[in-house]
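One chain, chain A, links the two complexes that follow: it is found with chain B in the first and with chain C in the second.
Up next, the complex of A and B:
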């Protein structure tokens, strides 16, 4: 190109007007000038307005640019979101803070949240699925090569391979250097106590939503999503008690080859549950590996005909309503025949029995007559006050409702008096017993620590006087009656056995028993209710083949109280001392005393 | 650098010395970027539609050279011929637009397309730039002499075009065409009182569109209340920019293109943001801003009023399309299906833009003289 040519020979267009346009011009010179002026003005105005439009556009482009920069900056610091697909699981609920911890009453950690890495793949980016699968199985042994391959063959661009890897597993997977594999940080609920607190604790799903136990009941607070977000949850449980309870139960469960066992320890003054165990149990760290039976809470969800332990309620009712006195009694010579049923005693004395004798020897006939005298109406009302006829409230979702008889007449009152015809949960039974021995106050049970001063929902069920007599009667059962094996020297244990045939398919199964023992200690000033139950125990040589509660369930309570008494700071007493003997004295009006040879 | 000397008085030679080469370079960069982006984004879409993965790529790479040729060819024209071309194409595509109403297949409740074998054509895309030039001519005639009632003709044509668009219906394009036409009217010296009145009418019609067309209402509602959900594409697009950050995750490594059904067309900018980063996005915005603002500044020296109005109309249309598309991608505006000039995939839009850019380059060529057209 040549600059020199520009000034002389540029292809400049001609300036002259074309003839056609010239013809259109007005003849008048003046007119032409005016038009020219107006055209200039128009052009000038157009240019000014063009500048305005340009400014508006410039502002628009600047807005776009600043928005772009803003977005890019907002993305920095975020975790790298490599892929999020509509079918990917929803993000972990906890955003700022992790799900709150759960501790026992002494601050021992029961549940916490760990940050782990979860492995996922974008199958489209995995170059060699076969090699990837083979390599992965060398590191993650529990993964199956075929399963990985089928996952990598999927058309999705996000697929979980394994959730919650350990740091060393994450390191090893990274070392494999397989393209298309990614980690996402997730939170994993961890239960350091394992199966020890399984049923009360419950568990969470992979996305940290509580789906059982207190994890479910307090899900919102724990996740910090509800209004009442909490830092941590303190349970009423004491892991030391829990451990002793679980230990004794599982030992006796295997000794008596029972299919299940359950027990609980409850503070009768506050309603706090210090221990609650149902066996078989599960590890909340891997709930998927356990059967439904293992997750079944026999204490709160299971309802059973509890058998003779109910005579405690019957006796308290008789005494409290005044239909019978402590010296009164009923004739238990002959079995009762009523409506095609025969009510008889297991160990018939075949004579008149006083109230303490009826309770001590666990006479069905005596209890039935005692309840019948009170009448079905008052019987029902009394049990209702003890919370036995409605679903109890507790801070776990696994709560069973009692099964009431379809009718409740004289016959039903008679059978219920000794614990048949009405199914309640062991939780209800223990809460009722607590009310009987604590001075007559029904206190709602809880698995959350309560301030001991703050009592909740107290209602008077029986008089303090009746409660005092019931303590002595329960002590009598352990001292001289069917519950001898529940004795724990120094802890003044009192209680009542209950052996019931399991009702299966509307018929009682003779060879399947529910053997239970409900107790309280120390009986001069009861502090704790202890309950133990074996599901279908079998007799052995040591029990001479017996499998009734006195032989199977009572020993659990005796051994357990010896273990937990010191933990609970209960001073051992001299049971033989005069003061104790006096406090526990109960006059037994036996008309055939002279015939008694023992 | 070039084989043309200033002595060369051939058509191409004089074109080379008079055309706005800076704009030419910017357009070239946009077209090249469009080629890269269709390579990056469309295979994922093709895979989802169970097409051959290079289905869109092959088509776009067939269109691209043709579009470049068209730009070149049209930019050779003189302003007078540009006007003639615009009038002819306005008439032609008006007829085709009427045809869409009669024989066009219904796609998602609207008649916007004509089917020719495996190719589809959206005539309104071509109607837009042609109308801008025709309207500019009419406005300019009104100023030049009282013999032709240019403003009235322009208003009549505007009503005609808008009616066609609303019958389809295509509210978004109506909005763009109206904005461009109004801007031209404004530049042509519309008194301020009328400007105010038109703005009022515009607001009223926007409200009418909101209440008459349910899809418009739902889009605006979802824009106003993002928490209501249903903004799937926009949310993914936002994530894409955040994931991309300043320098992007790398070409081909993005994931948003697999999630957005319109990743190769309306949401190509989000793909660009994720894979190439915000810095490149800013470069693209700068290219558009450069073309529009440079065009405006060149028009300040232009002496022919028709050329000013026509070129300004084309520039505004081009800039508006870019601003709206990017604005939607950045969630600054409600969702509106609009392509990003030269970067989005699409034959109709590509050739319509070639027509626009060709006419613009032709109009903005340097001419000596007092401003009369030859």
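Up next, the complex of A and C:
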């Protein structure tokens, strides 16, 4: 007997097959079997469908759940945020997208970019232009009431009133509560030191692109656009020295009523420029207000016939090539006549002069004879080694190329020996002098801070022995020669005066001089080269009417070195002490007839 | 049973969705806060920039020089005013003026109490074997 039972409590029909079902049994059972078969089929099909649907739904839900869990764990649902955070490297990207700051060697801020508010008006929305103009002039004193009124009464719907307000001005304008006035944020390059570092710094245009000085040279780096983007630029300048230099130069410029002045301080071991001033100068915050003359960098762009300072190179060359010894000398009794020129001395001794005397008394005749003996070819090669015949390299675009004579023969060698006929920039001169006194190594100048160990482009120009003699000779000039006013007690200054007539229109102007003084200190172990120059100084009662470099440019250097010596932590020396006297001793070998001898 | 399951799942759905919405709102709130904080940071940075520029501007060397020449009696440093630490003489003490006795050695080293300590383990100050106060 077979049984087909519906279990009522069970949700699906359960078919219980008894063992007799397996055997083919009587006919009434056959009906039951068929029924059973179709029911089973239907039920199986339904169940399969249900299971299939359940599986599909389960897969969907599992997918959703896993996604939810994944999102919950990662914590971020926004793909865009993930992408932008992965791409932006530094977390300070928001503020550092500005043009980078420039600092001096001690970290004093020289240039920064500020977000400033600019005031503009929508004249259509200004209710009472008259009142608004009157109110605005009480806050912005430099604006003219009439011009504001005409601006506010115009029919435009946008007009600039004042660009780049200070935060306090913005606050005051805001508190006036005039309708129709709005602010727009703009970026402005700001130079807190004003005219102090104008020429090295340069300036930027309205769009904050550097158009002069280091601002131009490092434009890409400062803007953060190129590969060499940097956070800040550190210059080799020292603001304190820069200020002392500018202060002394401007004071002496007004004392001697000069039309211009220039000066620089340079580290002779690293080539770093600690101070570079050219007067008149300009305020980089508002470069448009200054003339081209103020923006002219006399140190690097201006080339001048430097005068007697070139005798340093001539003497070094004579001694280094061995054409003349320290005991040797030349007859300076008679002026030299050559090719229609007459070379004469400013302070004629009219006798035989030894090499130290030629240098000390700045004898043109002696220097010319000394250079002539070396010969034009070697002279040219020597000056080329000192970097005086090619455009120097410095990290500012305002670099002047030297003006060489069209021919370089015996006559040119003679005139160039005392600094006429070859125009170089004061930068080149100072670099050359640095090479002469630092032991003979030519080091490229730079305005960017350098590590003291890392030297670039060193080439031996003269021997260390010649360099030592040159130091003593330069000291001799200050001690006994033409540069006495450059003495700064304790700092063992040595240097050379240079007075040159300005060449204007192919002729020398007798009343227009370039007075310069190039020096190094302390002379027993030189560390810094100091250069000062006055353009067209005029004599006064204090100088007894003299306007030569010994009277006008040398005092600048003397004052300056006593000022900057302590800043540069140079230990003052006792100049009278035996050790120093011995270190600075140089035999003069004068053949001057002394009256006391009979 | 069926009803129970439905009710439970409905309640669960409601609870989960409520939780989800709550979370979402919280996140939105936090993101708003973050944006505000970031804005505050950049504003502060900008202020710091301006203040630094202002500070440098007020500390220009020419301004400092004018102020120091007005208020301070300072002149150029003369060479004799500069010395190294080695050059500063060691302070000489006048033995008569400062005759403070200096102990030769630590006085505690030779210290011995007037009465010798009692022998044996440490005793309380108030306790004696005799039973009375010391």
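Assume the second predicted complex is superposed on the first by the 432 of 598 C-alpha atoms of A that agree within 3 Å, B and C clash if a C-alpha of one lies under 4 Å from a C-alpha of the other, contacts with A are read in each partner's own complex, and residues count from 1 in each chain.
Please note the rule applied: a contact is a pair of C-beta atoms (placed from the backbone, for glycine too) under 8 Å apart; a residue touches a chain by one contact, two chains touch by 3 or more.
Every value quoted in this text rests on a predicted model; they were computed, and no experiment measured them.
In the superposition on chain A, no contact is made by A:585 with either chain B or chain C.
Once the two complexes are laid over each other on the shared chain, residue contacts for A:39 go to chain B alone; chain C is not touched.
Touched residues of chain A, counted separately for chain B and chain C, are more numerous for B.
After overlaying the two complexes on the shared chain, residue contacts for A:171 are found with neither chain B nor chain C. In the superposition on chain A, contact of A:114 is made with chain C only, not with chain B. In the superposition on chain A, A:63 makes contact with chain B only, not with chain C.
When the two complexes are overlaid on their common chain A, residue A:193 makes contact with chain C while staying clear of chain B. In the superposed model, A:243 lies in contact with chain C only, and not with chain B. Contacts of A:74 after superposition: chain B is touched, whereas chain C is not reached. On chain A, the patch touched by chain B and the patch touched by chain C do not overlap at any residue. Those residues of chain B lying in contact with chain A across their complex are 1-2, 4-7, 9, 14, 17, 143-145, 183, 186-189, 232, 238-239, 241-246, 255, 258-259, 273, 277-278, 281-282, 285-286, 288-289, 292-293, 296-297, 299-300, 303, 305, 308-309, 312, 316, 319, 323, 326-327, 330, 332, 367-370, 372-374. Per the touch definition, chain A reaches chain C in the complex via residues 92, 94-95, 108-109, 112-115, 167, 190, 192-194, 196, 239-240, 242-243, 247, 489-491, 562-563, 565-566, 571-573. Residues of chain C that touch chain A in their complex: 38, 42, 45-46, 49-50, 52-54, 56-57, 60-62, 65, 76-80, 82, 84.
Remark: chain A residues 1-2, 5-6, 9-15, 17-18, 21, 24, 35, 38-39, 42-43, 45-47, 49-51, 53-54, 57-58, 60-61, 63-65, 67-69, 71-72, 74-76, 78, 80-86, 122, 124, 157 touch chain B in the complex.
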